[in-house]
């Protein structure tokens, strides 16, 4: 049975791809057939995928001996590129998450896109085609055997994110400053492309060093990794090793895809897409791909740490992650859009994972990757359910009091929210986040307070508190109190196709964490997750202060949030208490900045977009106003000036001289006249003529505007170069 | 006696070698003789064909055809030859002399050049080159050049219009023609004409690939520019198209080239789809192969004549639609399907008769499906409906009640 | 094989130079295109000659000639379309008169 | 002796045709001389024992490119009056440059030391070529197909007449 599943692993992404082709090519007209195909293909992928996962779990020593098979795809020159699949623990746990969450989201989409109602989307079938293609990309990325197919899948997802974020491309808003779906799609595509550029560079660099891109020969080949760590990188990277240069370049790709600090701007705007897309792309899978990639190249990072003690690579990664975590959670405090909060929460949690990888907590990062995917998909879909239930109200200030009206949504959302804030002991989020914090704590203990692990730990801890606070704020504003608008007052529970996935995911959001409970609590050797994924890395020892601290932070954050928002529910039109409080202590500007996302979009527009326009202006002016044209004009003016001077000279001095000689000597005047005419005038006119001639016949003809002239000059120059080469 | 042609060749070779000529020179002389022989045979055949064609046209159109010169009018062609040789050569004013005179020669040469690679019998063939099929297609393109030359140099609007139409038509119909030619190449796994013929010995390609044969027949009928595709010389629109201004033997050369081209197409269909010289005892008796070859070619020639005499001319947009929207897609789909089926069945090494049966079924299936789709896609034409008792010309004595 | 390689190369060089002259001196845009075709043909002669004389076992030379054919076909199609478009717009095919950028 | 004579004849045809292409006053005549030059080049390929390339040369260059060029000339013929100068003012410099280039190339060819080997042509050149095209050169092969598609679409877009609305708008 195991062999059977390991032999058909390649078929997992094939199902949704076939569904995509059939939907796009043939069944655009039939909504029911389209979603049946899409969901059916995903069910098949899910069954095969979990078959592979449980087979992998049952295989001992999978970590040391990954199973991989490949066939030659194409050869170019002397290299053959393979296409195949790779089964190891990281792939297995990602494969546990991806098809299941995708399936839940697909089912949810049936309700969200209004199947069977009057509001059904006109492009319903196409939506299911696109998300099937998206699932193809993600599954292909998870199972791929080398970096080339990984990159291909990566780009398929990039394309799908563009198509899906801009799915409602016809939508326009009255406010010209509000970003429209098609602009959001373009933005997401372009910003992630910046990261992809680094990824391509990293892959090419790796290829130039290894001559192959398969995992077996590069990332999981210890000798090669050591060789890479001992090779100095290109001069442009300073004194680093090739390994750290490659790792940082590939990390650049993850920064773009996982919306880390400098390139995070696309993710909040991507909420313009339909909510299932937000859940699919911006919570569960695509953004996880970046973390997955960094986890994939973890052997490379590990070797860098082992062999080079002062290398900044890991520090950079950890710091970017930690900074993103706290930065995004601060912004999330002041967002009023129900999806906006979740968007920044996603950025923040991804920062957690990246930071965890940066401090070497590989197991904790992958653990958080999985648990986060479940509860964040749950939260997004819950918010989508709220949006549908209240007729497209997204502003939390307009909501409230939905607890009774949408009970299923409320309880599942509560479960997700508790998991996100890390409610102690029972939720999945608690165990995964705790493991990251514990690892950071350990590092900090090891290096002391004057080192970057301390700052990472500090930032992550504060972020944990803020996370709990804004979660409480969101739940209170949305579900508690009294309705603050008509839409919220007339809210209704959503159909079963939407609540069923919520319940399924809520189950996992609570229970999934239990596989990773530290061994000290449940007994020796029972941290099953660590044993499966990362037995080669030392496990993090249980640290009571950290557990207490993180429990305290979570409960404290939730409690504070409830105190501020839940105890005295907001009335309609009332100001956010947080804003009120901050204005009281003269921090209103900070709240404003948080609401405006610290003005990053504006800054980027000012620097990059306007910068490029300025640069183009400069080039234009360089050509037309400053340099080229003035030179041409200047040459003309100078020659004219020179001839004027000679003219003056002629009129004033030479004529005077001639008159003088004429007056003084009649006899000589004839001779002098002749001399004057023939010689002096000749010289003067000659100089003027020569400069004029040069202008007319040398400078002007060069600028003929005739392409053949230019070609001829090209030929002559080439011949001249050959001549020089031959002579010397 | 069995191998008459090679017998004569060997005798001639020994004779010339006996006169003291070198090996190379002998080969050269023999090849030159062979070429001349082929050309002469071609012209003789054309003389016969003209008579057959006119007789056939007469019978189909319910008249007698030539019946004065000799028994059954058999000498009519010779009379025409004499007349055409004695006519005045007229060169229109403003014509470009050089091109005007070269065009008819090029027209006939482009057809004759195709005959260089034909295998007439098992060992009787001019040049057996690796790229025989490509050669045929390539050389055929000189014909277009000749038409363009004639049309341009005549200094006549009608001629130029005919030439322009010919380019649009011939170039577009070359695509399905070449693609359907690729099917026999694919089945024989070779572009050599001799390989293609020997590959289809028990089972002709007409059975293995009937759809390709049909597409090739239609597109090559367009290539020769005869009805129903005779737009380049449509009398009612363009006088006589590109050869409006030609007279005398120059016109005669175009005329001969046209007939010869039709016969050549018959030969091509014979080679690619009807098993070439294949037939009972053809391997042992090459002379029989020679006869089979020309017999099959003649039959195909008659079929083409029959079609062209029965169908009216097609409008130019309909003709281009037929090509771009039907023949080209169908031929490509056919090529891909045949390639896949061939590969799969070779992989499983099925028996020959199953292979042929599946191929035949596949071809017919594609044809029916594409016809069905084309029928669905074609626009509904509003036809004028006449009253039931509309006045029509009725032969006397057969009035209905 | 009695002809040395260099003869073919010289033939190709001559063809190339003639084509270059055509490109540089024709006023008609289509004439220039014809010159370019001659130059491409010269390159192909070189490729096939090198294939025959230096490495006849592998088919690299012929395959590159094929790619040159492809490029030539694409170039002629686009080039002629451009010429015809320019002719429609500006009523001329004389390249010297197509110097909008100068004005 | 015979190959040399054949080579001489072919070179004469090719170069003569080429020279006629670039010097003939009538562009249409030039185009037909271009056909002649192409035939010469095809014969060179036959001489080099590359019949496939020769046939492809005839098929593509004569069957497609030359006919397209002739067609384009006919479409733009209104401006080709007989008395129009066919060469521009810089032709003498162009001729000198081309001659010089020929000299340089000839000198290079004469002085280079080519690693010529004596080997027979493969028995099944077309099969070999197909295999190499689909293995070693598969990426350029695919790119070439994309290039052709792009050229097809591009030339249709460039060459088609403007539709009725935009024309009436002018």
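Labels for the chains are A, B, C and D, by order of writing; each one numbers its residues from 1.
Criterion: contacts are C-beta pairs under 8 Å (C-beta built on N, C-alpha and C of every residue); 3 or more make two chains touch, one makes a residue touch a chain.
Keep in mind it's a predicted model, so treat the numbers as computed, not measured.
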Pair joined by the larger number of C-beta contacts - C-D, B-D: C-D
Where chain C and chain D are represented by their mean Cα positions, the distance between them in whole Å: 5
Averaged-CA centre spacing for the pair chain C and chain B, given as whole angstrom: 34
Distance between chain centroids, defined by C-alpha means - chain A, chain B (Å): 63
Interchain centroid distance [CA atoms averaged], chain B/chain D, Å: 30
Junction residues of chain A - those touching two or more other chains: 706, 708, 712, 715
Contacts with 2+ other chains: residues of chain D: 52, 56, 64, 88, 90, 93-94, 97-98, 101, 125
Where chain B touches two or more other chains, by residue: none
Pairs of chains found to touch, sorted by chain label: A-C, A-D, B-D, C-D
Residues of chain A touching chain C in the complex: 703-708, 711-712, 715
Touch list for chain B against partner chain D, complex: 24, 99, 129-131, 134-135, 137-142, 144-145, 148-149, 152, 160, 164, 167, 171, 174, 191
In the complex with chain C, residue positions of chain D that touch it: 3-4, 7, 11, 14-15, 18-19, 21-22, 27, 30-31, 34, 37-38, 41, 44-45, 47-50, 52-53, 56-57, 60-61, 64-65, 68-69, 72-73, 75-76, 79-80, 84-88, 90-91, 93-95, 97-99, 101-102, 105-106, 109-110, 114-122, 125, 128-129, 132-133, 137, 140, 144, 147-148, 150-152, 154-156, 158-159, 161
Complex contact set, residues of chain C against chain D: 1-3, 5-11, 13-22, 24-28, 30-31, 33-35, 37-38, 41, 44-45, 48-49, 51-60, 62-63, 65-67, 69-78, 80-85, 87-88, 91-94, 96
Complex interface listing, chain D residues touching chain B: 2, 28, 32, 35, 51-52, 55-56, 58-59, 62-64, 66-67, 70-71, 74, 124-126
